[in-house]
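One structure is given here, and the rest of the page talks about it.
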C-alpha cells in the first residue's frame, strides 16, 4: 500500500508508545502517533485532545478545535497540575518537535544564536525542562533533518541531553530515547550517549544522512530500513485526519498557505460530521 | 458584593510599573479585550508574567508598554513566531526572563502558599538555569541532592477571561483551565472578563467548572468575544485569519500604526464591529 | 426577647466575622455564626456547607448531612487545596473549638498530659497549625470554661499563641484574636499578649470567671456585659437550626443522648423540607 | 485494560510491613470495605498514613495489625474520641507521628513531584515540630527566614472509595474530594472501591467530577455501601448508630471479639446482611 513520508514517520512514532500513559496531543504528528498506538498495540494509552486535557478521546488533528473535541466527545477534563504531576510521576509521554537537536540529544526551542542576543528568538523552553528531568522515555521528531536542525551542539539547552551535567544531577531520568526524522530513526547508544542510526527510511542513503547532519555521524552501509506502515495504520491515520492537517507540518510556501486555508474553513464541518454534538454543556 | 466594573475602571487601578500575570495559553482564552484596554490605557513599564504566552504578550510589546517579561513560551503555535516578541528579544529592548511551564506555576504557587520558594528538579542540566538569574540551586536538607529553588512570583494584578461569571466574581471555565486559577490566587488584585454574566443560581449549576472563586477576584466585566482573536472553548475558536492580519501588520510599521488605531485604540464594541460584527463572528468562529 | 446561652454565644461569634472570606462550617456554632453574620452585617462572607466545600450555601447544622447540602443547594464544590490556599492567603476564617487554651492563647487538641505518654489522647492538631501561622484573625470558642479548659499553660501547643517563639518565626500572622466562652469574651491585649476580659455574659460575675479560670486572670468589677442577640439574629439561628443541633454541643449525659437520637432520625426530613431536591446529580 | 479485581486479589498484593495511605475524611467516604478486607487478611506491621482519620484507623489499630500511624487527626467527630486510637496512644503500643492537615498533603505532594521535601510556615511555633522528628527546620535560600521542610511521604499503597468508577480505573467523586487524589497519585499502587461500576461512556458524562485518573490506579472493585459505616455523599450518610455500637464494642474486650467475628471476618455481602441488609440500609441511610 502506498504511503507518504508523514505516514511513515507517524507509524514509526506510534511503535514507541506503549503502556498506560497520558499522551499529549500538541502536534498533529504526536496526536496521530498516539491514536495509532492506542488503536493497535497499546489500547491502554490515555490519549488527550489537547496539550493539557480531554482524556479518553479520539484525537482529530485540527488547527483550532482541540478543546472542542473534549466537549463533543465528553473527554475527561484535566488540569495543568494533573499534567505536570503525570510528568513528575513518569506517567506521561510526548513526541517533542525541537528546532535543534545535537549529537548528545540536547534540544533547543529557545533561540538560534546566543540566548542573550539571539539571531532568531524562538519560543522559550516551555515544559521541555520538566520532561527531560523526569520521564524515563523521551521522544523527539524533526521534520526537516539538515545541518541547521541536527547539529553538533545546540545553541541553547532547553532540554537536557546526555553528558556529565545530566549524570551528576539527573541520572537517567529524562535522558533522550529516540529521534525520528524525515531521514530515519536514531537513538543515543553511541559513545558517551551520542546519536546512532537505528534505521533509515526506504530510499534514504547513508550519504544523504551524513550530508544532512551537522556533525560526524557514523552511518554504516548496512543500516536496516524503517518498517513501512501497515494498511491498518494507514487506515487509522487517514480516517482520523481527513483534512490532512498532518501534511501542513511538512509543507511550506504557497502550498502550505492553501492547505492552511482549506483546513481552517473545513474543520468545523469535519468535527461535526465525526462527532455529532452530545457535549456536557 | 457587586464587583461588576468596566474595563476602564479596572485599568484605573493599575499603575505604571505594575506586574501583571495573564491567564489563558497561546491561542486559547487570552483576556484580549482587557489586554487591549490595558494597551490603550497609557500604562507603561509593565512586567508581564505568562506561562504559555501568545498574542497578549506580543500586542503589549508592540505597543511599547512593557519593560520585562517572565515567560515559559511566547509564540503563535501553528501560526509561527510572535513578531513583536521576536523583535524585542533580538533587539534586547526589554528584559526577558525565561522560566519553564512548571516553574511559572510553582512560582505563583509559592506566592499563594506564602513560602519564598518551591523546590523542583525541573531545569537541572539545562541552560535555563544559566540565563535565569531568579532561580537558585539548593541542597536538599534530607538527602543532600541538588535542586532548583524557584522563587515566589508576586504579581500585582491578574487578568483572566472566562466563559461565565456572576457579579460576585465567581467564574466558570468550561474548556481547558490553563493556569488561570493560579493567576487569580497569586495576584493581589484579579480582574476577570467573561463571555456572559449569569445569575448566581445559574452559575452554581456548573459544579466543579466553577474554577474561579470570588474570594480571589476584585472585578468582573461582561465582554462577549473578549478572548478574540484567541479562542474560547466550547464557544468559539481562535480567529486565525485575524491573527494572520495581525502578524502581517506587526511586521510592517505603517500597517502596525493602522492596526493600533483601528483595533486597539477603540472600545470593545467598536472592535467587534471592526472585525465584522457579532453575526459575522458567529458564522466564522462559533463551533 | 428570651435567648439561651448557645444563642448568645453564636451571635457574639457572628459579630466578629466580616469581609469576604471563606468560612468553614466545622461545628454547629461555627456554621450558625457564619450564617448570622452573612445574613446581617457581612453579606459578602462565602459560607461553606462542610469543613472543605459547598460554597454559597445556607448551612443547616446536622450530624451527617453537610455534604448533602452542597448537592441539594448546588453549593460550589471546592477542594482541600482550595481551602489551604485560602488559609495561606488569609482569605479564610474559622471558629476553632480547642480542648485547652492558655493565658497566651496557645491551644491544644492533641493530648492531655505529655504528648509522648498522654493521660488522655485527644485527636491531633488537624489544620490548626496552618491557621495559627497564616491568618490575621484567629477565633476560639470554649463551651465549658473551667480550670481544665482555660489553663495556665496548655499541655501541647497544637496552635501557636503569643510569645517569643511566635514573635521570632511568625510575627503577628496567626496570633490569637478572640476567645468566646460560656462566661464571656476575652482578647489577648494583656501584658505579653496575655488574655484579658472584654465582656462578661449577662449574669456572670467576676468572681465566677476568676474561679473557673486556671490562671490568675485580671477581672475588674466594671467589665461591660456582652450584647444580647437581636430578634433578627435569634430568628436566623432558630430558622436555620430547627432541630437545635447547636444545643448538643452544650449538653451531656442522657439529655445529650436523647437529643442526638432525635436529631439523627429527623435530619433527613428537615433537609428535604428546607431544600426540595434540585441537585446536580 | 480491565482492572476489576476482588478485594482479596488486591490484598494479596499487599505484604506485611506495607505503608498504606487511606482516603476519605473522618466519617466521610472511608474505604471501609477494603479496610475490613485488609483487617481480616492477616497482614501486619502496617504503617497507616491519613490526613483526617476515623473508623478506618481505629479498626486496624483494634485488630493489632498496625505498627505506625502518620496522622493529622484521628477521631469520630461529633461521636467523640476514637477508642482504639486513644488506647493505643495512651498505651504507647504503636508508633504515632503527628503531622498536620496541610503537611500530610504536602508530604504526599512532594512524593508526587519527585522532590524530597516541600517548605511551609505551617507548624512554626507549635509543639508539632517538637514531637514530629520527620520534619526539619530549614533556612530559606532567598530571604534567610525559617521554614519547615516537610519530607516526602511515599506510600506503598493507597486505598480509596469513590461513587462511580469504570473498569479502566477512572473514578468519579461527587461529594467532597478530601485528599483522595493525592493518595492515588502518591502511592506506588492504588486500589479503589466504588459504589457502582459504570461504562466508560457513562463515566465521562461527569466531567471534572472524574477526579481519579486511571493512570494512577491499579485495581478497582465494585463494593456498594463500601464506605459504611462512614457516609458517601450524595448517596448515603454516615451510620452513627452502627458507630455507637462499634465504639461500645471497642471499649469492652468481650464485645470486641464478637464485633470482629461478626463484622470484620466476613465477606462484604455478609457484612451488609449483618447490618440489616440493603433494603434496610436504604431506608435508614439514603438521603
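The letters A, B, C and D name the chains in turn, as written, and every chain counts its residues from 1.
Rule of thumb we're sticking to: contacts are C-beta pairs under 8 Å (C-beta built on N, C-alpha and C of every residue); 3 or more make two chains touch, one makes a residue touch a chain.
In this text the structure is predicted, and so the values were computed from the model without any measurement.
S.K.: Go through the assembly and pull out the chains touching subunit C as well as subunit D.
M.R.: Shared contacts of subunit C and subunit D: B.
S.K.: Treat each pair of touching chains as one step and give the shortest count from subunit A to subunit D.
M.R.: When the steps are counted carefully, the minimum from subunit A to subunit D is 1.
S.K.: As a test of understanding: of all chains, whose mean C-alpha position lies farthest from that of subunit C?
M.R.: Chain A.
S.K.: Between chain pairs B-C and A-B, which one is joined by a greater number of C-beta pairs in contact?
M.R.: A-B
S.K.: With chain centres taken as the means of their Cα atoms, state the distance from subunit B to subunit D in Å.
M.R.: That pair's centroid distance is 39 Å.
S.K.: Just curious, how far off is subunit C from subunit A if you go by their C-alpha centres, in Å?
M.R.: Their C-alpha centroids are separated by 55 Å.
S.K.: Could you give the separation in Å between the centres of subunit A and subunit B, each centre being the mean of its C-alpha atoms?
M.R.: So the centre of subunit A lies 27 Å away from the centre of subunit B.
S.K.: Listing for subunit B: what residues touch at least two other chains?
M.R.: Counting only residues that touch two or more other chains, subunit B contributes 113-114, 121, 207-208.
S.K.: When you check subunit A against every other chain, which residues touch at least two of them?
M.R.: 77, 84, 134
S.K.: What topology does the chain contact graph adopt: line, ring, star, complete, or other?
M.R.: Drawn as a graph, the chains match no named shape, so other.
S.K.: Pull out all the chain pairs that touch, please.
M.R.: A-B, A-D, B-C, B-D, C-D
S.K.: For subunit A, which residues are in contact with subunit D within the complex?
M.R.: 20-22, 43-44, 46, 55-56, 73-78, 82, 84-86, 88-89, 91, 134, 280
S.K.: Contact residues on subunit A for subunit B in the complex?
M.R.: Spelled out, the residues of subunit A in touch with subunit B are 50-54, 63-65, 67-68, 70-72, 77, 79-81, 84, 87, 110-111, 115-130, 132-134, 156-160, 163, 165-166, 168-170, 173, 248, 260, 264, 268, 271, 279, 281.
S.K.: Which subunit B residues qualify as touching subunit D in the complex?
M.R.: My answer: residues 113-121, 136, 138, 140-143, 145, 147, 149, 151, 207-209.
S.K.: Could you list, by residue number, the parts of subunit D that touch subunit C in their complex?
M.R.: 25, 27-28, 51-52, 71-75, 78, 81-82, 85-86, 89-90, 92, 98, 100-103, 105, 121-128, 131, 146, 174-179, 181, 231, 233-234, 237-238, 240-241, 287
S.K.: Once bound in the complex, which stretches of subunit D touch subunit A?
M.R.: It comes out as residues 1, 112-114, 168, 170, 185, 200-201, 204-205, 207-208, 210, 213-216.
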